[in-house]
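Take a look at this one; I'll ask things after.
Naming follows writing order (A, B, C and D), and every chain is counted from residue 1.
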Amino acid sequence: MPHVLAMGGDVARFTGGASEFEVAALSVGAMIRELEQRWPGLGEYVERRMAIAIDGEIFQDADGAQFRHGSEVCLIPKIGGG
Amino acid sequence: MKLHVSTTVNGDAAEFLTDPGTTLLDALRDELGLTGSKEGCGSGDCGACSVIVDGRLVCSCLMLAAEAEGKRIETIEGLARHGELHPIQQKFLEHAALQCGFCTPGLIVASKALLDANPDPTEEEARYWLAGNLCRCTGYDKVIRAVLDAAAELRQERRVA
Amino acid sequence: MAQFNYVAPSSVDEAISALASAPTARVLAGGTDLIVQMKAGRVRPATVVDVKRVPGAVGIQKAADGGYVIGAATSGAVLGEHATLPRDWPGVVEAANLIGSTQVQGRASLGGNLCNASPAADSVPGLIAARAVCVIVGPAGRREAPVETIQVSPGRTSLQPGEFVLEFRLPPRPKRASDAYLRLIPRTEMDIAVVGAGVSLALGDDGKIAEAHVSLGAVAPTSLLVGPAGAALVGGKLDEASLAALDAAARAACNPIDDKRGTIDYRTKIAGVLARRVATIAYARAEAR
Amino acid sequence: MTDVLDRQQTETHFATVGTRPIRPDGVDKVTGRAAFGADFVMPGMIWGRILRSPYAHARILGIDTRKALALPGVKAVVTGADFPDLASEIIEGGEAASNSRDMAVNVIARDKALYEGHAVAAVAAISPAIAEAALELIEVSYEPLAHVIDVEAAMAPDAPLLHSHIFTEGLEERPKLPSNIARKHQFVRGDVDAALAAAEVRVEGRYTTKAVHQGYIEPHACVASMSEDGQGHVWCSSQGHFMVRSYCAKVLGVEISNIKVTPAEIGGGFGGKTTIYLEPIALALSRIADAPVKLVMTRDEVFRATGPTSGGVIEVKLGAKKDGTITAAEVELKFQAGAFPGSPVGTACMTALACYDIPNFRIVGWDVVTNSPKTAAYRAPGAPISAFGVECALDELAQKLGMDPVDLRDKNGARDGVKAAYGPTFQNIAFLDTLARIRQHPNYHVPLKANQGRGVAAGFWFNVGGESTGAVRVSDDGTLTVATGNPDIGGSRAGMAMMAAEVFGVPVDNVRVTVPDTQSIGYSMLTGGSRTTFAVGMAVVRASEKVVADLKKRAAGIWQVAEDQVAWKNGEAICLDPAKADAKPLTLKGLAAQSGRTGGPIQAEVSLNAQGAGPGFAVHSCDVEVDPETGHVTVLRYTAAQDVGRAIHPSYVEGQLQGGAAQGVGWALNEEYIFDAEGRMENAGFLDYRVPVASDLPMIDTVLIETAPNPRHPFGAKGVGEAPIVPPLAAVANAVSAAIGVRMTDLPLSPPKIRAALDAKKA
């Protein structure tokens, strides 16, 4: 199962403190739906405010992006720039 | 009360009516449509409005249009001739001496005034002469290389001529 | 810019009457201060009198006594290109040539720099140390006054309504006499002086300093002629003791402010540093002549 | 000089990528033809001006515009009351999310002026002079309020409150009272307290910086026309015309489809043109005046009313073993956001330790509103500020350990497989190579004289991808036109033309590049985040590949062979079918000429959302000489090395490194916002806001590291624009500290501070 780690942001507020957990989902979109189901509000929060690094590569607004079993999925605040 | 000003711009006679409070830069841009000279500060601190008046490099934002009466004015629009870029313009392109390009017309006009006055400047002389032309993109490295390279080419041309 | 009348008189008298016509009238020479202030709305003259067409206002003449007569509206670039002035008065010229950029040099003048009455004006300490004299014309006629009597406070001069500075007179320059100007700025160019120092001196036949004048800028409401600093140099050969005395005298004369460009403490210390350094340059130049 | 050894070491060879052609827009820019924001005019155009608050913080009791409206020649006056009140809502402008209500109130004040320069009203008149005169006739009655600009003062419980609706986010529980602290960010790994306690060597420091401005030379400018049917058209310079479109629609409360934005050439941005200021006001004025309205900022307005980046406080504790292994890091950041939440403290936290592999750390960041202009993005937003503290602390640690500062960074440096402090695991990075190349550079070995010092620092930037569109059209003479939705801020058109030329196998001169308006090309996020060459380049390459596939298909049709029997090489289709040995290659020109018969015009537009932008690492070394009597600093040598993936146009990549270094040197030595006791900016001009001039700098040597091409990009490109401004603050400060033997911790390192430090050392 993909292992999810949240760095920064308010994920722990939704999960009751947990910032690391496993998900069954194998894509960003599916994970967002799964998180919304498990912790109401978290899915939407992640969708709007967080970027998702899959095995080290940062994805932003990429519902279709796929995970592998054992993927490292890292939730980090969205990144802007100058 | 509008003032009538007759002057020469890039070799051609130019006449316009102006308010006393209009700067030469505004007259060039708004009355004559020569928008190559830019306003970056309006206070003589950035050099983007550099033009040559009677052979003298000045900031056109710090000169009243009325003062141009009877003067010879050279702007960036007058540098390329008969479809040929001036060597300074060509070297700026070859050395990638511009990024956004906003300060470029002023830098090129100031560089022309430098090489007219000093055909063989040292790097330090070029840097001090151009200290009144702010560039925020390039860090000046490629600008200075372009100017020194253009100087060498112009000296070569003179020798040939 | 607020509206105003622009006139470019071609005689001294026309210029005087134009200046006298409105209490807010201002002289336009290079405009590198005036136009900036008008754009910012800090000054709103009813009439602007461009004096550059007035005979004598632009140009450099050698005087009968071997000194120089410099038109007050002559640009710094023209001063720097003169055949003999930079050799005879290098300090005056290098001070004028430090004002602003190459572009500003094409316009900025000694008269404008003085009459803008900024305590930090670069060319003023150079002129004061050189004992330059202003030729002033006005409704009451023509008069002469030492440069250090013109600035009375930041932005204010001792000129009367209708008066303007037409020329500067520099005395003849004997051998073994020279001058120099140094300023401290945060960058290498384009800044207003945090401190400026000018020194003019003449050596006797014994190689000792026979005459010395020291002027400081940006350390008081006006540029200063610092008598004790000059006196500290006279009679010596710029040994450590006289340099230390010069440093102390320069610091003692300071009455600066804290502002965005420097602190009281910093300006005071730097006044001493620059006085020493600029005296050393002037001395070396004098020995070389 | 840039050394290109690395490229020679890589096997891949390209015909165009990696060469240095003249940029396609170059001639227009050296001849003065290029039209920037203020160069555009329209028939019947009138001129606008904006009235700004003279107070840093004041309640606006009333605005009387009657006298201004009565002035002959005045066509329109607007105030905050002419704009809709928006609900608080996060909008994704394509970059860092921003709050639509805050943006609208920043464009023009409503009940309160929150900083000196905050727009309170605007006029449009038939001449600039009349517009200026009209401003003085607008009567605003203010109730001045206590103000606060210093970040720590603003965090105090009794500080003047800017907004009653800000309750600190990111705390365990929502606070009972509002404050100026908008948000707490926290990034934690391991047990930092235990690790610090157990450390064999510790360093601790407090570092401070002032607000600084991007300092682009072109002031903001636009022309806007709003017609009677509600259709608006804006011509302006910005980092993203799609951003201008969506933000204007929001602020004016109109449909996005009612706004069209045509991009002008942009005279520098560095992040500062990733938001709007003038455009909605010009549209509102135009709607009332029934005429196009031109608004151009003065330099004074640019400094007082557009986004600088934060001044900040950076507190750093590092713990290490005697062998130099860093075991613990604690970093606390306090950032001025300006008048509304949204300082770059979040990215400052994420980048603070990104260059290093540190098992235990706690990074805390505070986003604090202050009575100063709302901060805008500035090149690697936040990263230079946190790097200043961390890289200076590392320098001190190296001294304590008696280690070379490059060796210390190498020992702890990020490499593939290391878990970044901000979360993910690094791959395809070349930080260690970048350090090595600085260590090998001749500049690093020049012996130093008295009063001289050498400083080294590293920096990191994520780089981003994002939504991008590229279109490629084949003209009937076989030349190519490439269109993208991204304003070219530093030469990106050259890169786009080169990447297309590479795919087609044609000379780059056969490619023209254009940036059309918002109705003529697909949506693209703005030009920022170092994304353009990477993300937009991908779209252009994909579109080029689509066109090549179409050309092969058409060739197959002409030859009557299967498509897989057609190859594309050096700009022509080649028939592989042995049965058609006599089939001559079909050139792009030849195929273009027959496009009508083979299926019509040949073109493709590709829109994508580019992911997997590779991060960038920069290492700079700087040599300075300090005048011990005046405290004046001279930069003697400067070297910038960077992991760039692969340089498409090396000259413009070098230019990014050199420009970033120069901006960083200005930030380190002289640039700062100076406020008086009333909170008014004292140096709102290039005379006293001292950006580096040509005589302040030496040549800036660059080293492009190409040992880790980005696998996500067709040619291996990584973003390069932002990383180079991250190291200079610390590199310069470390050099100055080494030269004078005193640790300098407060930027800028202006001469009075250095002289004071030297005097204190003597005493």
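Rule of thumb we're sticking to: a residue touches a chain if its C-beta (ideal position, glycine included) is under 8 Å from a C-beta of that chain, and two chains touch if they have at least 3 such contacts.
Quick caveat: nothing in here was measured; it's all calculated off a predicted structure.
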Any chain that touches chain D and chain B: C
Chain pair with more C-beta contacts, C-D versus A-D: A-D
For chain B paired with chain C, centre-to-centre distance based on mean C-alpha positions, whole Å: 29
Whole-Å gap separating chain C and chain D, where each centre is the average of the chain's CA atoms: 44
Whole-Å gap between the CA centroids of chain A and chain B: 55
Contacts with two or more other chains, residues of chain C listed in rising order: 1-3, 188-190
Shared-contact residues (touching 2 or more other chains) in chain D: 129, 214, 269-270, 686-687, 692-693, 695-696
Shared-contact residues (touching 2 or more other chains) in chain B: 19, 21, 42-43, 45, 128, 130-133
Chains touching one another, given as label pairs in label order: A-D, B-C, B-D, C-D
Complex contacts: residues of chain B adjacent to chain C: 1, 3, 19-21, 23, 42-45, 47, 50, 53, 56-59, 62-64, 66-67, 69, 110, 113-114, 128-133
Chain D residues touching chain B - in the complex, by the definition given at the top: 20, 22-23, 25-27, 29-36, 38-39, 129, 214-219, 265-270, 298-299, 489-491, 649, 651-652, 654-655, 658-663, 685-687, 691-697, 699-700
Residues of chain A that touch chain D when the two form their complex: 5, 7-8, 10, 48-49, 53, 55-62, 65, 72, 74-82
Chain C-facing residues of chain D, complex: 129, 133, 300, 629-630, 632, 669-670, 674, 682-683, 686-688, 690, 692-693, 695-696, 750-752, 755-756, 759
In the complex, chain C residues that touch chain B: 1-6, 8, 28, 30-32, 35-36, 38-39, 48, 50, 52, 75, 77, 100-104, 106-107, 188-190
